[in-house]
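Below you'll find the structure I mean.
To keep things simple, chains are lettered A, B, C and D as they appear, and every chain counts its residues starting from 1.
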Amino acid sequence: MKSNRRSFLKTSAAFGAALAAPSLIPGRAAAAGEIEVGVLFSQTGGLSIIEKSLADATLMAIEEINAAGGVNGMMIKPIVEDGASDPKTYNEKASKLVIRDRVPTVFGSYTSASRKAVLPVFEKRNNMYFYPTYYEGFECSKNVVYTGAVPNQQLSNFVPWIINTLGKKKFFIVGSNYIYPREMAKVSKILIEQHGGEYVADEYLELGHSEWGAMVSKIKDSGCDVVLSNVVGDSVVAFYREFKNQGLTHDVLPICATVTSEIEIAAMGAEFAAGSYTSFPYFQAIDTPENKSFIERYRSFVGDPKAVTHHALESSYFQVFLWKQAVEKAGEATPDAIREAIKGQTFDAPNGKVTVDPENLHTYLTPRIAQWGADGQGTIIEAYDEPVQPMPYVAYGEAPENLFCTAGGLDSSKL
Amino acid sequence: MVAALTIDGLEVDFGGFKAVNGMSTVINRGELRVVLGPNGAGKTTLMDLISGKTASTAGEVRLFGREITNRPEHQIARAGVGRKFQIPSVFRDLTVRDNLSVAVSHEPRVFRNLRLGMAAADRARIEEVIELTGLEPVLDVVAGDLSHGQMQWLELGMLITQQAKVILLDEPTAGMTQAETSKTADIILRLKGSHTLLVVEHDMAFVRKIAERVTVMHMGKLLAEGPMAKIEQDPAVRDAYLGSGGVQ
Amino acid sequence: MSQSKLFKYGDWGIYVLFIVIVLGLPLVMTDVFWLNRIAKYLVYGMLGIAIALSWGYAGILNLGQGLFFGLGAYMVAMSLKLQSYTSLQQGSENPVPDFMLWNAEPGAPTELCCITSGSWLWLPFQAQGFGMAMAIILPVIVALILSSAIFRLRVSGVYVAIITLALVLLVRLLIIDAQPVTNGFNGLTDLGWLTIGGVEFDPYLVSTYYIVAVSICVVLLATRWLVSTRAGLILQSTRDDPNRSRYLGYDVAAYQVFFFTVSAGIAGFAGMLYVIAAEFASPSFLDISFSISMVVWAAVGGRSSLIGAAIGAILINTIEATASETEMFQEAWKLIIGVIFVLVVLYMPRGLAGLAEDLAGLFGKSRDSGRTRRAQSSAPAE
Amino acid sequence: MSEILFIGLSLSSILLLIALGLSITYGAMGVINMAHGELVMIGAYTAVISGIYLNINLFLALPLAFLVSAAVGLALEKLVIRRLYGRIIDTLLATWGVAIVLQQLIRLEFGLSFFGIHIEGLGPGLQNMNVPSFLTQPFEIGGIPIQPYRSFIILVTVLLTLLTWFLMYRTSMGTQVRAIMRNPQIAAACGIDVKRVSAFTFAYGSGLAGIAGVLLAGFKTVMPDMGASTVVDGFLVVVVGGVGSLLGTVLASALLGQINGIFAILTNDILARAVVFGVVIAIILWRPRGLFAFKSR
């Protein structure tokens, strides 16, 4: 790696010096008194539905920081790029931000597929990526700060609560067909067994698919008493609607979801979700002055008095502040300095206290369970007392006393 | 006499309707045979069966003694049967020269054609054909832009370039002006002897000009065969034609 | 005879210009990001060439070209994945892709042979050369089987497009579902760099750019040669009137299969180069929208011109990139692209190549400016 | 068993709903309208917006969506398609561009979002249409559970199919359309106003897409790219059924829907989709003109 980066620099230097040719499209350098950062979400395409709100939250945080005097007296200048809901575009825009614009950090992306597509750019160019979305874990990168939940932060209280408090023991696990739902299912199964429940099925549907007739019919016939849903995206809406259309109700057979957020609830019509449950570290319904003020500011920022806030949106917001604190602590905005300084940073986010784990660069978050009401808002009925340690390898036996991912990197012998 | 094309009890069944029903005839090498018959007699279907466009349900077609019945079209063509359609069938987006070039098909396989240009002998043959058909002035014109007559001559020229042993011509003068028809007759007459020709035609003036032996088909069967003069006197032929206006 | 020359319409100048610009670009463009970006667009240019070859010259519209691109990409990505630093036991005799662990069957050994069902398929990919060879061989085999079925059964026109469309959907579904082997929706990422003779090809090196640049030049000239041969001419004849070609003795299906397969091989090759330049492979390569985009690029550049299609692909992608990175157009760029597509189809059916021909004809430089006038109407119609 | 058949039937009805409009625009007019999905999407948005601003329910939204999508289709025909008849692949490419434009117009609220003006119900977000509660409450008749919304979709689909059949085969307009379908030149020579009839036919097919949009909005998310994924399925149905054959389209959707339903229950949804694609490929290879094509071609 090192020798290559050197040879790569040498090559470009040689070309530059020997030919002294002017660059056709010169790279930009930040003006004095400014720090440029990348903001990379889908502004177009199917994912823009959610990703635009993440970009807005990021930009709002930047605006607030700048209004309060910036970072070390310097203004943050966002360079916004469009991932266009396509991994190919994500990859290209990430390399533009890192290699051409030479920003020290990029905030971005929602799906694992887009994160995976940009990751090589950040790791091979040693840059920093701040990723705000809950994801499947199983990553230990020195170049990514993860501020969304990992499976143990969504499931470790959820599954026991379903079994012990709701009294439901027979799980039907259903998800979209990709890694996140499958990893969630894996963690769930461990927890279900630990707490004396059982699962009757583990089924998947194509991402974006909206024909739920057969699946809901299977659920009906399976004899389960609770549905654990890891369904993602617009499929969620079709799922809940079909669920009700086939005569299933959440008071008898509740859907307990890990991905169904305020956005999907609003999109499906609240009556279809009323009575169901979701586990997330953040809900719009969190009843604190900080959160109320956050929602207020967000709504006025985007000019929409009905705009909803949700977990990934909130993470998009607070991760900028964590970054700011790191830059201030480091005194300089270089990727290496940011990585060192971000470790252990704490911030009072709308959902409460969040802390970046110094070992794996994931974030301590507080798991909460909400039940959706007929008004489309969740009522928080269960919450941890304090933030939970993120463990991206929990499905493989990671535990607080036996960490796989440490500051030194992944100990793959433990896998 | 060498039999070039032997048709023996040929039959095709279109769901109960037998368009060609036990047709037999023999055409000798170098002969120019005209096939007559009222509409629906099965003339074009006969050509379809010979050239492989339609699969027969019974009977045989032999080319110089070699069985070619129901082979794929390109194999029948490779065996030596060339065909001209009623509606001129040329490569409308290619130039006249390229059309003729494609017609040089003695080496039809893909990999053998992965080369630029062609052998001198082939080029010479194309020049001959150009001279025969008088297409010299339009060589670089896209075939689709040709006049109707030129298109027909081009198609004829392609058959000659192809070196087909037996050439099937389906109404070669359809839609032609008097002058064009006469030029077509010239071309066909020049081919007589060196090629074996089977011509379906309605234009009796034209037929009289080119025909020696004539085959008359009716209801998918052979009705009569012989020299033109004799056929015109045949009462059975007259009867068959009565329904469709007779032999003009 | 006109068809005996590689360049018969005096358009060799454009080829020379193209090659000079492509090969000389690094001398003036020192921005490594743009160089890498152009390399990716050159790969798209190869896809344009592949489309023009099958669509323009054979009249076969393949709406599933992404299948061959994707297969090529996955083949080489599998090899590079095994060289990645995120592979387990990297550097040992037996590296295993990290994602296989998620899909590992309980108690399965951490060995490539048997960690997941089907993981043994990866074994030969430990040799990088195998992956690179398969990137062309697999698309060629698939194309050969598919096109033999299609053309022997004389499926034509828009039905070929529908079959290829359905097939790319089917394969995409299977790739996403076969997570233990393919990593599903996330695709193969965190790849190692291409290594030849101990030299690693960082995608942002000028030498990597040259791998792609030389490749497209070679492909361009090779396809140009191919369509200029007698086989190319005969292929065009099958596009115009397949029955006439048959009655001349040509096995039309054989020609169609040959060129369809060559086109697929080029797409597979392009997929391989894309992975080298972009460092990942994803099922999104098999998205319908990507396959249709390729056709649109070729249409904009000129569907019956190899170099036109290549330039169309490069141009459209550059416009897209530039527009989407200009603040003013950040949200509107797709709107603009959509409008461009419509206008080109309506008013420039022969694309840029047609425009260039007309201009050349205007200045009397080309003898045959009307040559492709008809070719546009010969797109497979039903 | 009856339950499995019902699942297949409801899948079939959705396929037919999409394919019905296509069987008109593609089957009868030879236009591969890639923007058909966007006409579906426009129908769905019509339902959402009329719900918000006019407080109209689903039933009134149906005719309204028909009119809106038909109007958009008419405009599309006059501006773009009209110049492309007979160039089938070009219709595909041009309407692909149109599809991108339509999606983006909804996302950008017709461009008003540039000026900071927002229209409720439009924009990049997810929208939903209210469904009257009696259509979401299942009930039983003689012990057989009835899913009212699915049944409603099936009913509307059947009615639309009958209406389309009637228009195509029992009215003079339909005769003219079928004449144009087989040979536009001769139809014109017979005094048929080909331009006008084509425009109306296209508008009708587009209107059907609008109705499909409203019904789809009842069980899936309304968003700008909701139609894009449906259009390919629709084309597969029309081609398998035989281009230009209404009966073929109906039977093909029944066949593919049932295959999908049965395999989804027996195995899983993903395999079921794969089987459907496999069957489609096999049928087209076996009978390229589809199951019920014109003989005359």
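Just so we're on the same page, a residue touches a chain if its C-beta (ideal position, glycine included) is under 8 Å from a C-beta of that chain, and two chains touch if they have at least 3 such contacts.
All values derive from a computational prediction rather than experimental measurement.
*Asks:* Quick check on the contact graph: shortest path length from subunit C to subunit D, in steps?
*Replies:* Minimum number of steps from subunit C to subunit D: 1.
*Asks:* Which chains end up together, and which apart, when subunit C is taken out?
*Replies:* Without subunit C in the graph, we get A, D | B.
*Asks:* Is the C-beta contact count larger for A-D or for A-C?
*Replies:* A-C
*Asks:* Where the centre means the average of the CA atoms, what chain is farthest from subunit C?
*Replies:* The most remote chain is B.
*Asks:* Quick one: report the Å distance separating subunit A from subunit D, using the average Cα coordinate of each chain.
*Replies:* 36
*Asks:* Report, in whole Å, the distance between the mean C-alpha point of subunit A and the mean C-alpha point of subunit B.
*Replies:* Averaging C-alpha atoms per chain gives centres 74 Å apart.
*Asks:* Can you work out the whole-Å distance between the CA centroids of subunit A and subunit C?
*Replies:* About 34 Å, centre to centre.
*Asks:* What is the distance, in whole Å, between the centres of subunit B and subunit D, each centre taken as the mean of its C-alpha atoms?
*Replies:* Averaging C-alpha atoms per chain gives centres 49 Å apart.
*Asks:* Counting only residues that touch at least two other chains, what does the list for subunit A look like?
*Replies:* Each of 44, 177, 206 in subunit A touches at least two other chains.
*Asks:* So which bits of subunit C are touching at least two other chains?
*Replies:* In subunit C, 173, 177, 331, 334 touch at least two other chains.
*Asks:* Specify the contact topology among the chains shown, as one of line, ring, star, complete or other.
*Replies:* Looks like something else, not a line, ring, star or complete graph.
*Asks:* Can you list every touching chain pair?
*Replies:* A-C, A-D, B-C, C-D
*Asks:* Looking at the complex, which residues from subunit C come into contact with subunit D?
*Replies:* Listed in rising order, the residues of subunit C that touch subunit D are 61, 149-150, 153-159, 161-163, 165-167, 169-170, 173-174, 177, 288-289, 292, 295-296, 299, 331-332, 334-335, 337-342, 345-346, 349, 377, 379-382.
*Asks:* For the complex, give me every residue of subunit A touching subunit C.
*Replies:* 1, 4-5, 7-8, 11-12, 15-16, 19, 21-27, 43-44, 80-82, 84, 86-88, 91-92, 95-96, 99-100, 112-113, 116-117, 119-121, 123-124, 136, 138, 177-179, 182-183, 186, 206-207, 395-396, 412, 415
*Asks:* Going by the contact rule set out above, which residues of subunit C touch subunit B in the complex?
*Replies:* So the residues of subunit C touching subunit B come out as 1-6, 225-226, 228-231, 233-234, 236-237, 239-241, 243-252, 254-255, 258, 367-368, 370-371, 373-375, 378.
*Asks:* Please name which positions on subunit B make contact with subunit C in the complex.
*Replies:* For subunit B paired with subunit C, touching residues are 51, 53, 72-74, 77-78, 81-83, 89-95, 97-99, 101-103, 105, 108-111, 113-118, 123, 126, 140, 142, 144, 158, 162.
*Asks:* What part of subunit D is in contact with subunit A in the complex they form?
*Replies:* Interface residues on the subunit D side: 3-4, 7, 10-11, 14, 104, 107, 116, 118, 120, 124-128, 130-131, 133, 136-138, 145, 147-150, 218-223, 225-226, 229, 260-261, 264-265, 268-270, 272-273.
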